[in-house]
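Two complexes come next, and they have one chain in common, chain A, joined by chain B in the first and chain C in the second.
Right after this comes the complex of A and B.
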């Protein structure tokens, strides 16, 4: 029984804060808590009460403890069966069934190959019905076939790179005319071809921005076009010496820093799980900025960076604060720290106080400092941190019993606390 | 009849080469210009869409991701809510939150140059550049309101007044490395003046004063107004060696008041 699904389902990696790793371009659409995944037929098995995530590429199931995750690639999903309404269903937990296919090795098919059929059932526990719009959304992502687009994109990319020098704006891939066209020959031919490309790009731009639907259907092409323009302008400006457009260049590079989270957790997708998921996503996100800023990041900075990465899906300062507060209850490698002054920072657990304490104790047991002690300003210089922070650390170390203070005419100075080294049982033996 | 190579033959070849090159340069230039033009259209359209269809964009997660990546690649700020009537009146809506994010963004970007202190006027200039899309100007009051929305994230981000200028501080004292630089500087004499700090570290006006005042509040610096040249000196008893310490004491004692 145990593990029957491991032969069928695809396993999913988890991030350090317990969110599932998404594939390139994959976007979360909806999260539902407490869902069973049930397999009917010969090797019947059930995955009990987990967190179900519907993305544009897969159906993900994360177990209750957040340790193991499994995926059903949407490419394997066949038909969705209508939710049956009957007397019986009023008493049982709401459920939804769908058809799935496995490939030859017994795993769920990622694409194409369809060998054996399975029927999987989602059982929504603790819900009075299949959550709003879940079925509809499921059908939508199945229809959008986002996972296929990705594969299509991958395949031609190999041959693409070599020819990247000419800006191919041809969005509908024109069959290349291999026969020699006299109008295309010579310098004027090159110029004419150039001209045509421009006109086409113009037309495409115009078409795409007619209305929202137009842009939606052309989104992929437009993203590629934007990327090409960017690369072209950036490299072009590097080679052609100085131009008035240096400002734009600078600007664009600035903006590159803020490309970020493809699949932001939103209230709409996560519902009641919003804050918890947001918290995990934030924990994953701040790792990089934390590294860059030396293990400590002011809340306001984090707020800005996180929101920037989320694009238009802004979160409010209150939501951010709540997400940080939940960290205490989750197993994540970061924590929120409040200073007495009211300033709050995000700190990585790995770059912990212990390390700082160790350095402080080393500091007070060396040379002059052993007799004179150290002040906050001296500690700040030695540790390379701001004096205010150094003082906080000294006080914290004192709280741990590592240091002790002398609040005298020289100001507040800290000394090594040697009382902790005295062992009560052997103290009299030596003397 | 083919002409034998000679001076004039070389010259024609050179001339032809020159012509080709100048043609090539021209084409390249036209190409870049055209591209810039198209990029500009692209940007304008994106900005307009970001403003008009904000809610529709939010509704479709997959499209939202694509839209964002378009914006990021073209250098368009997707945050472009108009202030609107209700925002103006009650301070609700996304406008001030978006503005807040943009303000912090600018502070972060300019931090390497100014150490986290930015003139409010300068900030407004940079904001205007970034928000080309919305034509309504950002007033000082808007900035203040946006900053006040960030209050719940703890202190450290604030607008304060120095003389007649308003400055935005984006680095909390706990993370401010400026203080270390000043302490370093103070080691030489045991004291520094605002002028000295500004000259030595080439800081803009205001930054030094703010840092020194902060150090004083922290209890690290002592103020000495009694020097004959009339310039306020900030003494740092904590960093000076014993010798400068006594010197400092003497100078304090011998000062006229």
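Right after this comes the complex of A and C.
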């Protein structure tokens, strides 16, 4: 019955490093390895041993090779059936069943339509029981209905969208004002609304930081707040707000740009799969910084950028190194490179050494540089990478016999390797 | 004496830095070996003193570069291992450059004697090194140590005999170059 599920399940896009694209506001809650997804009744099919991810919006299933992923929108899920405790269950792999509904076209329902009932079973292979807290988390996310919030936000809500400068969470939480309220009219109305929205935001911030649990429950609002600020900074709207911070716009913008990861992979959510998932997330994350830094990134820089983007779920240097090491075994567009000197960097696979070497040789055979050579700092400027890394590239090119060095009073400088062009047996003959 | 013409790469700074990469280093050593021999031959230098650093070839004021002691030792050492130079002391502070092999010096001496009809004559070493007879010939300016070793080769062949004078200046050789 190969492919029967394609008519029922929703397919999921994958990033270039094999992580699933999450929807707006979607946060991963738990990952479990080696899970079968089994459909009873009707066609009857099984997705064998994949990686199961429970998010706030969907139940995602990624096949072993990491090439195909399928989703069950939580909107389709009806009842969760209690885990059966019987003699039989002691011998079979642990499993849990739940009810799911399809919509009219036969796909799983995305928002509450109920046409046909299906019973799906999750079979946890390689586990001695349904993983701790999985059932509870599943029930929690169903209760929270995060996917519905998103839909609410998308639906037009009168003229409120136009104002656009407030937290949308605060908008959808309150009853939508569809009739004209005289108190809200005119300039004073706009100002008053602005005021109210700021108060709401302030309250959110206050509640969120009261204790950690509060912070967790407000996490989504905080993320939205951050994204809002980013958008406003980008579109330059912030300048209309008369605050002293206008001058630091650029700084703030850089700052906010690195608030990128809304759903960090954590040890708690990924368990044993932690490093593998972290590795994939890191691979996705470093693509932008890599582009900006000439295709090569020092480990220290990657560590700082990555942790800043993660916010509170910081990782250790060991975790970072391990995540980078796993890249070898994954199909990702970046790699960990170790120079002869022991310096380790993250390099995009599209940046070949040959290309860098070519640029370096062009650099040293140009005008002044032919007579004076180039230093690591000059090469760094020309290649757009960190001086320490440019130095490594220069040394690597020297090792390839493309460059030679001058260790003089001005420090180490590199020249085109003229030695290799000289024919030692004839150079002295003519005189 | 005509000015020595330096190869163009003598003005490239990396030529004066010992190259760490093997292939590049090999080429660099080769180029230095040849330049040292050519330079010494041109200026009739026989002894290079590594310590003093006044051997002009090893420093290029134009580009403000000079060879380190280590580099000098590497380049001269390469000549020594080829038989074209000899260390004159254990500490490798002085080096005898043999831009012409000892037996070639012996041949040169023998042909000079024959060409000048001096097959049976007697000459002091000083006369050979800086006398009127050898002026303008390739023998002029020969190192005393090298000359003595060349004469010893001729002695073994029975073509010459060294004798001691009263002073070192008077040491001489009797040729029998028939």
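In this section, the second predicted complex is superposed on the first by the 259 of 431 C-alpha atoms of A that agree within 3 Å, B and C clash if a C-alpha of one lies under 4 Å from a C-alpha of the other, contacts with A are read in each partner's own complex, and residues count from 1 in each chain.
In the analysis below, a contact is a pair of C-beta atoms (placed from the backbone, for glycine too) under 8 Å apart; a residue touches a chain by one contact, two chains touch by 3 or more.
This is a predicted model, so every value here is computed, not measured.
*Asks:* Quick check on the superposed pair: does A:102 touch chain B, chain C, both, or neither? Answer first, second, both or neither.
*Replies:* Once the two structures are laid over each other on A, A:102 reaches no partner at all.
*Asks:* Tell me which partner A:373 touches in the superposition: chain B (first), chain C (second), both or neither.
*Replies:* Touch status of A:373: second partner only.
*Asks:* Quick check for you: in the superposed arrangement, does A:404 touch first (chain B), second (chain C), both or neither?
*Replies:* It touches chain C, and chain B stays clear.
*Asks:* Looking at A:393 after the superposition, I want to know if it touches chain B, chain C, both of them or none. Which is it: first, second, both, neither?
*Replies:* neither
*Asks:* Looking at A:345, would you say it contacts chain B, chain C, both, or neither? Reply first, second, both or neither.
*Replies:* In the superposed model, A:345 contacts chain B only, not chain C.
*Asks:* For the three-chain arrangement built by superposition, which of chain B and chain C touches the greater number of chain A residues?
*Replies:* B
*Asks:* Would you mind listing the overlap between the chain B footprint and the chain C footprint on chain A?
*Replies:* Touching chain B and chain C on chain A: no residues.
*Asks:* Which of the residues in chain B end up touching chain A in this complex?
*Replies:* Per the stated touch rule, the residues are 20, 23, 27-28, 31-32, 34-36, 38-39, 41-42, 45, 49-50, 53-54, 56-75, 78-79, 94, 97-98, 100-101, 104-105, 108-109, 149-157, 170-177, 179-180, 183-184, 215, 218-220, 236-239.
*Asks:* Per the contact definition, I'd like the list of chain A residues that touch chain B in the complex.
*Replies:* 25, 27-29, 56, 141, 144, 146, 167, 187, 190-191, 194, 198, 201-202, 205, 208-209, 212, 215-216, 219-220, 222-223, 225-227, 229-230, 232-233, 236, 240, 243, 245, 248, 251-252, 254-256, 258-259, 262-263, 266, 268-269, 296, 298-301, 303-305, 307-308, 311-314, 316-318, 320-321, 338-339, 341-345, 375-378, 380-381, 384-389, 391-392, 410-411
*Asks:* Across the complex, what residues on chain A touch chain C?
*Replies:* Contact set of chain A toward chain C: 373, 398-399, 401, 404-409, 413, 415, 417-420, 422, 424, 427-428, 431.
*Asks:* Where on chain C is chain A touching in the complex?
*Replies:* 5, 7, 9, 12-14, 16-17, 19-21, 23-24, 27-28, 30-31, 34-35, 38, 64-65
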